[in-house]
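There are two complexes below, and they share subunit A, which is joined by subunit B in the first and by subunit C in the second.
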Partner chain A sequence: MSNRIACIAFNTFREAVRDRVLYNLIAFALLMSAAAILVGQISIGIERLVVVNLGLSAVSLFGVVIAIFIGISLVSKEIEKRTLYTVLARPVRRWEFIVGKFLGLAGTLVVNTFFMAIGVFAALLYVTHGFQAADGWIGIALYFIILQFLMMTAIALLFSSFSSPLLSAVFTFSLFIIGSFAQDLRGFGAMAAGLSRWLATGAAYLLPNLSSLNLISSVAHQQAVSTQLILTNTCYALVYTAMAVCGSVLIFERRNLK
Partner chain B sequence: MKPGGRITAIAAVLLLVCLAISAVAVHHLDRIRSQTEWDEVLYVPSPKVVKRLSLGYDGLLADVYWTRVVQYFGTKHHEGARDYQLLAPLLQITTVLDPQLTVAYEFGANFLAPQPPYGAGMAQQAIELVEYGIRNNPNDWKLYYNLGFIYYTELKDYGEAADAFARGARVPDAHPSLRVMAAEMAQHAGELQMAQMMWTTAYQSSKDPNVRANAIAHLRALQVDEDVTNLEKLISVYHQKAGQLPSNFFDLQAAGLLRALPLDPLGQPYKLTADGQVEVRDPDDFPFITKGLPSGYVAPPPRFRPSDLGSS
Partner chain C sequence: MAAIEILGLEKTYSVGFWRKRPKHALRPLNLSVEDGEIFGFLGPNGAGKTTTLKLLMGLTFPTSGSARILGMEISHPLVKSQIGFLPEQPYFYDYLTARELLEYYAQLSGVAATERSRKVQEMLARVGLNDAAGTQLRKFSKGMLQRVGIAQAILHDPKVLFLDEPMSGLDPIGRREVRDLMEELKQQGKTVFFSTHILSDAESLCDRVAIIHQGELRGVGAVEDLTSSVEGNVEIVWHGNSIPAALTALTTECHPVGDTVRAVVREANQDAAIDAVRKEGLRIISVTPVRTSLEEYFVRKVQVSQTAAGVLS
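Moving on, here comes the complex of A and B:
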């Protein structure tokens, strides 16, 4: 079982890294990190801040774009090219296929983030001429960004398991936007009454809470991140990701592929 | 030439021609729509709406808005403008987006508070900005210092200045001069030593070359103001004794009132006019001076000396 999942994951990774779009996006993210150095020079007193803010935002945004645009085509492309039938004709279960696809893209995003992070740290080193202990929190922010990618990949995969690539992209991107407003949605639920209160609160808990995973601004100010927050965010992101992958498996298991 | 090569050549020439025409068109558009039209527009005036629209990337957007503040103030200041209508709203958006961006409070208050041409002449908005900064960063002693500084230099409200310094002195790791300034303010407010202490603290507490150059320029201006006051007192004494004004500083030396030829802080000798006024040789070298200026002199926007920007 694990061999089959690993095989699908590895092939998904190999297929993703062959995609030229991926390299263009990474190049853009690195370019933005480099541009942060120039932005710092036309402002006052934010040379370091702008490198961290712009660099990590670029990693996050471009990573989300990669997660969405590769994630939405993970299943549909296999169906379109009819390679899915070849795979499923072998002793591979449908859920193994979905889990393998998810792990393959997740691995691609982790590797991408690693390279983009090198760009951010290189720009930071250029500006500050040395690292401080507090710069280690940037690593935690990057870890949270990866958790965000896992959630977005799982959501993209969920939509990809039953919808067309275009609609999947629209749905996933919409959830990304709504997820960034998660705290506002909860606040709205607290202020509303009756049915609206239940609907808003229910939606706030069902939709991904991406705002709690965004610590870019705090680490840019070298503020410490509590262990409790790291553990809670890790737990939340992994559970939410598992939930979305389970949803994909449930849908894909019942999907008529004829 | 092969047909394929000819098409490539034509396409390349067309591309270059179109690029040139579009560049000329953009240049023409820039001339039609003045820079002011672009600068004086704030598309989303509500800080809270901007924060919501940032999708969690509020730190990045704060940096963008702060850069816009710097560019807006810098451009207007360079033009010698007296109206900075977007400065306060831009600073408000910046600090709502990132309440920990202390540089925006420190510099922003110094852009807002001074009277034109040195600033926007909005001391009250500067105080509100710094108070907002203090509420969000209560342990940053520099903000209390900035607050006291505005009360002292712009509003001449020495009681509020002393209160701000006293509040700052209670912050852990506050600069020791805050306690001294809070204590001395009651007795020596408005005196030269007090002002010198404040600018010296500004110089010592910042690593930013612009802040340090500004502090040096102000310390020099204070020195010139003091020198001119003292020299004019000596001229008055000479006038009483000799019954006439001195024709130059050597007369004061000969009368035993002056030991040596008086030099300004940059090493240039002061000028003595026929009507007994003391002036600096080059007033452009001394922005912020209030004495020793030739009559009718209009100060240009202050320029820091390159050597001051590199001082450590």
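Moving on, here comes the complex of A and C:
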């Protein structure tokens, strides 16, 4: 069972690599090089702040775009091109296929983030001429960004298991935007009364709370991250991701492949 | 034992946006395919052949009915390891090479790691793709993709094979090779269930055929039973160009073909016709009973249903 999932995951990763998805790293490298040179010339005293902010934001944006645009086509492309037929005609369960596809894309994003993280640290080294202890928190921020990617991939997969690629892209991107302001939605829910309060609070808990996973600003200001936050956010992101993947499986198990 | 048993399998889709109406892709189908048979599933385009295969592969779910493969329900986890499937106009991961694709499928089919490379190599040789093993599938022609499709279907040594239009896209040599391969699989005791609308392939290969049209089974039986003479006519061919006068009253059809004459007579008039030809001193080349070709049988079955539909409407 695990062998089949690993096999599908590896093939998904191989597809991303051969379809030149990792070429985004070139654009990222160019961006970080330009930013490091430019920041070194125009910023006085805030080079670190600017590079960390810009670098981590770029990591997040590049990754989310990949998570959404590949995530929405993970299943639909296989159905449309009928490559799925010869896979499901083998002893492969539908849930194994979904989990394998998810893990394959998640693996691609982790590898992508790893290389982008090297770029961020290289740019930081260029402008600050050395690392500080607080720079370790950048690693935690990157870890949270990966958790965001897992959630977005699972959501994209959920939509793609029953909707068209275009609608899936719209839905997933909308959830990304709303989820990035989930804390504000919770704040609104706390302030509102009556039905609005229930609706806002309900929506805030249902939608992905991506804002709690965004530590870019705090680590740029060299603020420490508590262990409790790391544990809570890890649990939250993993449970949310697992639920979205389970939703995809439930839908896909009943789907007629035309 | 029946290798494939289809028991009232039915598929109905809902079509229309506002007012949904049912569309019967497959009306209750009952069919049994014996172990070790080559079974042809014939029908014009849109007849329900691919729908049936998709239902058997678990790619779509039946509205009602069930099916068993090797005595197990099609939803049984063990079934999939015993079957091989070639979809119609197969499309594979085109970023993979032929070898990588077969290795991927071998892994999914549970072929042991120690045997995998050998099996893949063997399959590539068997379908004549040894030289193209390292080429990405996006550079393959339609015929080459069909060969890869056949290789992936038989890679894990399945007991029952489902092939949807296996000759499609192949040149005459490729078609001949696939026919030989199917014969070989039969010799090995495999059951082959294949859909086609190339009737000559079905006629030369199949032990039995079924004809499906508009989602409904129109006929099933052994090829020789379906193509045996039903009118009781005999064809007489003789050398020369002259047609004996005594023969004109006996023949249903008589015309010269090159330096021979071909006449069709009722079986009851066979001796009289032969005597008439001999009396003229003409040399008889052959006397053979007229058999209905599978194509004629097929066309008749399809036309009957179309006429019936016309009468009803």
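FYI, the second predicted complex is superposed on the first by the 240 of 258 C-alpha atoms of A that agree within 3 Å, B and C clash if a C-alpha of one lies under 4 Å from a C-alpha of the other, contacts with A are read in each partner's own complex, and residues count from 1 in each chain.
Keep this in mind: contacts are C-beta pairs under 8 Å (C-beta built on N, C-alpha and C of every residue); 3 or more make two chains touch, one makes a residue touch a chain.
For clarity, every value in this text was computed on a predicted model and none was experimentally measured.
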item	value
Fit or clash between subunit C and subunit B when superposed on subunit A	fit
First, second, both or neither for A:Val99, with subunit B first and subunit C second	neither
First (subunit B), second (subunit C), both or neither touched by A:Arg4	second
Angular separation of subunit B and subunit C about subunit A, which is computed from CA centres of the superposed model and rounded to the nearest 10 °	150
Touched partner set for A:Ala117, first subunit B, second subunit C, both or neither	neither
Touching partner for A:Leu49 - first (subunit B), second (subunit C), both, neither	first
Distance of closest approach, subunit C and subunit B, by C-alpha atoms in Å	25
Residues of subunit A contacting subunit B in one complex and subunit C in the other	none
List of subunit C residues in touch with subunit A within their complex	54, 57-61, 77-78, 80-81, 83-87, 90-93, 95-96, 104-105, 107-110, 149, 152, 156, 162
Touching residues on subunit A, where the partner in the complex is subunit C	3-4, 7-8, 11, 14-15, 18-19, 81-93, 254, 256-258
Residues of subunit B that touch subunit A when the two form their complex	52, 55-60, 62-63, 66-67, 70-71, 98, 100-101, 103, 106-107, 208, 210
Subunit B contact footprint on subunit A (complex, rising order)	39, 42-46, 49-50, 52-54, 57, 60-61, 177, 180-181, 184, 210-211, 214, 216-218, 220-221, 223
